[in-house]
């Protein structure tokens, strides 16, 4: 087992629906293919971008299998398997492993705020049932729980919890992780507008839906950092910042679908209650994308 | 259709599980019976207390039917039918109506923060498919969305959205609702520690899990307010405040289960990742309950 | 020494300036006279309403003396003496005592966030130098420090710290104070929109600038609570709520000055950088005051 | 007039007191000398670190003059002249200019939350009375006002408001400033733990009290960024991060005084209500400083 199989730009596909709000698997595969072809260093289906919580068990399984078939080993695949109950999380993690996932990502979803002990037991239960690595995902805005660095440290003591994705949007949390957890821990940035600050702070990778729209700029930022060229990283970052902020503020599934359409690509439909961006928002996005091209 | 069928104390049962973490329907019915027998003015299964989001569709249906069978028309029943997708919310709302529910409660659950237009369309779609009243529930802490008074006003224009449950824990929101929506709107308090302030502000009812443990005190507060006896309401409120705060801070399903056990009642098991209170917490709760009795 | 010399409505005069931005003492005395004549139960110069921090030492002394001369023992007087340094706070507290103040109010102003020990030592140092009671004032929004109930408990152990004014705007803090500090502690509400909730929770008094504009309604709320008439208290509260919110949102010195002008009274000038309300805001305030009269 | 006279490390001296809590001017001059001798690119007396708001007018003047005498033109000097009233701010800004200050720093201190128009008028009034540049300082935690990028843009239209110091602790604000205000605006970072992120985002300088304790590391970070060596900047930053966080969390005047003592330097006394760090805190700081040396 490669304990830290991801680095660089880990791209998140949306889950497109057809006009009847059913998952459109063929379109999904084409969207995954675009991400791989455009140079993404990893593919992560069933994230927030992929509207994981809006899908049935069968749909999650279909999306998992479709990803692995399409990627076909060209880059590592990180499958989101988060669920409110421990039992269901185990179920989906085992499915992902059997389907060939490189690793799984788990956020401690919560309706009732979980205690630290409950969270540790939850990860522990899942980890004991699979043999691929787990990326623990901290995102209080969507998960409802803010995992402290101390808690993350406890999670990292579970053998196959080997990576952390941090999406609080506070770069100081990344500094803290690095100080608390040591230089060897692999942490990934999940907050698009923090991409530069996170790489500067030593992030191993960037989990992002942006490669659906601007893959070259995303990769260029990553490469400038690897080349130790801060000036270039800064310049490339500011070129893409407005788009990064737009897609976060408007909601990734809505914004990526609209952006794909603007680029002349199919983006499918959204599942209710999610609705498309308004005309004004689409115009704003078009302007941002046009400005980036020039 | 009685558009505002609830007032006073609306009691929330927990959903108990057996040792294998399956829903324990017979125990659930006994817990519902206690609430009715103790004088609750309404019963509300499948709320946060009833761990709605942790249940499968079949389990939700079983709990709905068990409640209506057990209550047998003695008091009105408010069934929680919230779901992330509009399609599923409609499905459960229709099931509740057919099963005989007096009304349904809907919180706009969200993983992706919904826009106001998405929320209105969501309620509208459900409302058009049922003919019983809907209580719109605002609870940013669990639902992830904070519905403004302006948005609630839009929802109330949908004919069968007739009641609002407010759980932000800020009494000024209730003042605002009353000012904005007029004296005739029925708003219900869902924040236990605000029970006195909410009734003082004119709340029609109190949605609470506390009657599982201290029904007489809950009803006494309600009666003192109806009798226009502020001094008594204040005294009775302070008698129960510590318990109200405890059950909120510790999480209602955990705290109610522990409290039932302390009172010599069966409370069943919790579903993972939720775990029982620690021994220290149980001791603290026992002390609170003992002090209340004396 | 009467340790708790205040109850009911404690009225806060503004400090008016002349066209040259000097304190207008004669006008200040007329404004104080109005408050006493209209039935206020106490007068509190040099509060936030009285722009204490914008005044020089000499101005503070002039305002203190003017208040005591004008009130002439008809009602108790609470003088604000807060200052960033301990030495200056002692100086002004001693001045107020010599001038005849009934008590002083002290908020732990801070530029650097003070530790609990620093706050206790600050109050202790002042308390040891005067023999009149001290009202400790908690208002994180203006003072920069949020004193916990545990800290307030420590302060109340200082013999002449006998009263607490709470302005966090969270009624649960008042519940907490009452539970932690016992039924005998005198706490005062400093958050206008919480007036009903605070009296319902057992507040001894209401510290407010509203009697500059609507004294009868303020007193009527207080009297309804004393008469144990919750229904009337609620009705009277909602009649004045919009005004209470307006003056808080717009800033008390600006809003009271504008309101006085609308009522045909002189309100003087503000000291820069504070500026008068805009014309739109003045129109809004006029509408609120007109509606209240009818 | 050089409109942007500062870059790199702008060092903030503390204002030390003697045992009687009077300003110790000779010690202050020695502390300023250390900062200049150690290579700081600018000196900024009367900041938060220098406990500006705790000083009398005479003390502020003495500190201003002492700084300019001691620095004697070797590096530029930025004098803090913030005051609650516009009149006093003008007074101190004029004094600083006459004394030879290179520029003044102004935070819109507020007891009453100022409107945008009030803030613009405040800066405008001061700017029209002096001819040296003004650095506008945004720090909601101490100033009580959070100036939006739109407001800062308005301020920058005043001819001699030419620099912005941003201390919200949110790197995204700096990104936003750069996007909104253009690449040419000079923004300075005032949040120590954000030093790396801010330089990565393009900050012109770093306003910091840290050079009182670890000048070489502060300068090394600045130089690595100038040399476009991100890897080195990252390494040097993590070496000093723990100290940067400590001094912010404990309060700069307290922490710098304690650190000076640990380094064998005189740090003077604090003015009440500020008190020295506890023994435990001093031990913690000693450990941090020791670890940095090795």
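In this document, chain identifiers A, B, C and D correspond to the written order of the chains, with residue numbering beginning at 1 in each.
We take it that a residue touches a chain if its C-beta (ideal position, glycine included) is under 8 Å from a C-beta of that chain, and two chains touch if they have at least 3 such contacts.
Worth saying up front: this structure is predicted, and the values here are computed from it rather than measured.
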Steps needed, at fewest, to go from chain A to chain C via touching chains: 2
Approximate Å spacing (C-alpha centroids) for the pair chain A, chain D: 39
Centre distance in Å when chain B and chain D are each reduced to the mean of their C-alpha atoms: 52
Geometric centre distance via CA averages, chain D-chain C, whole Å: 35
Junction residues of chain C - those touching two or more other chains: none
Contact pairs between chains, per stated definition: A-B, A-D, B-C, C-D
In the complex, chain D residues that touch chain C: 21, 48, 51-54, 84-87, 108, 111-115, 117-119, 121-122, 125, 142, 144, 251-254, 271-275
Contacting residues of chain B [partner chain C, same complex]: 169-172, 175, 178-179, 193-194, 196-197, 200-202, 225, 228-231, 233-234, 238, 241-242
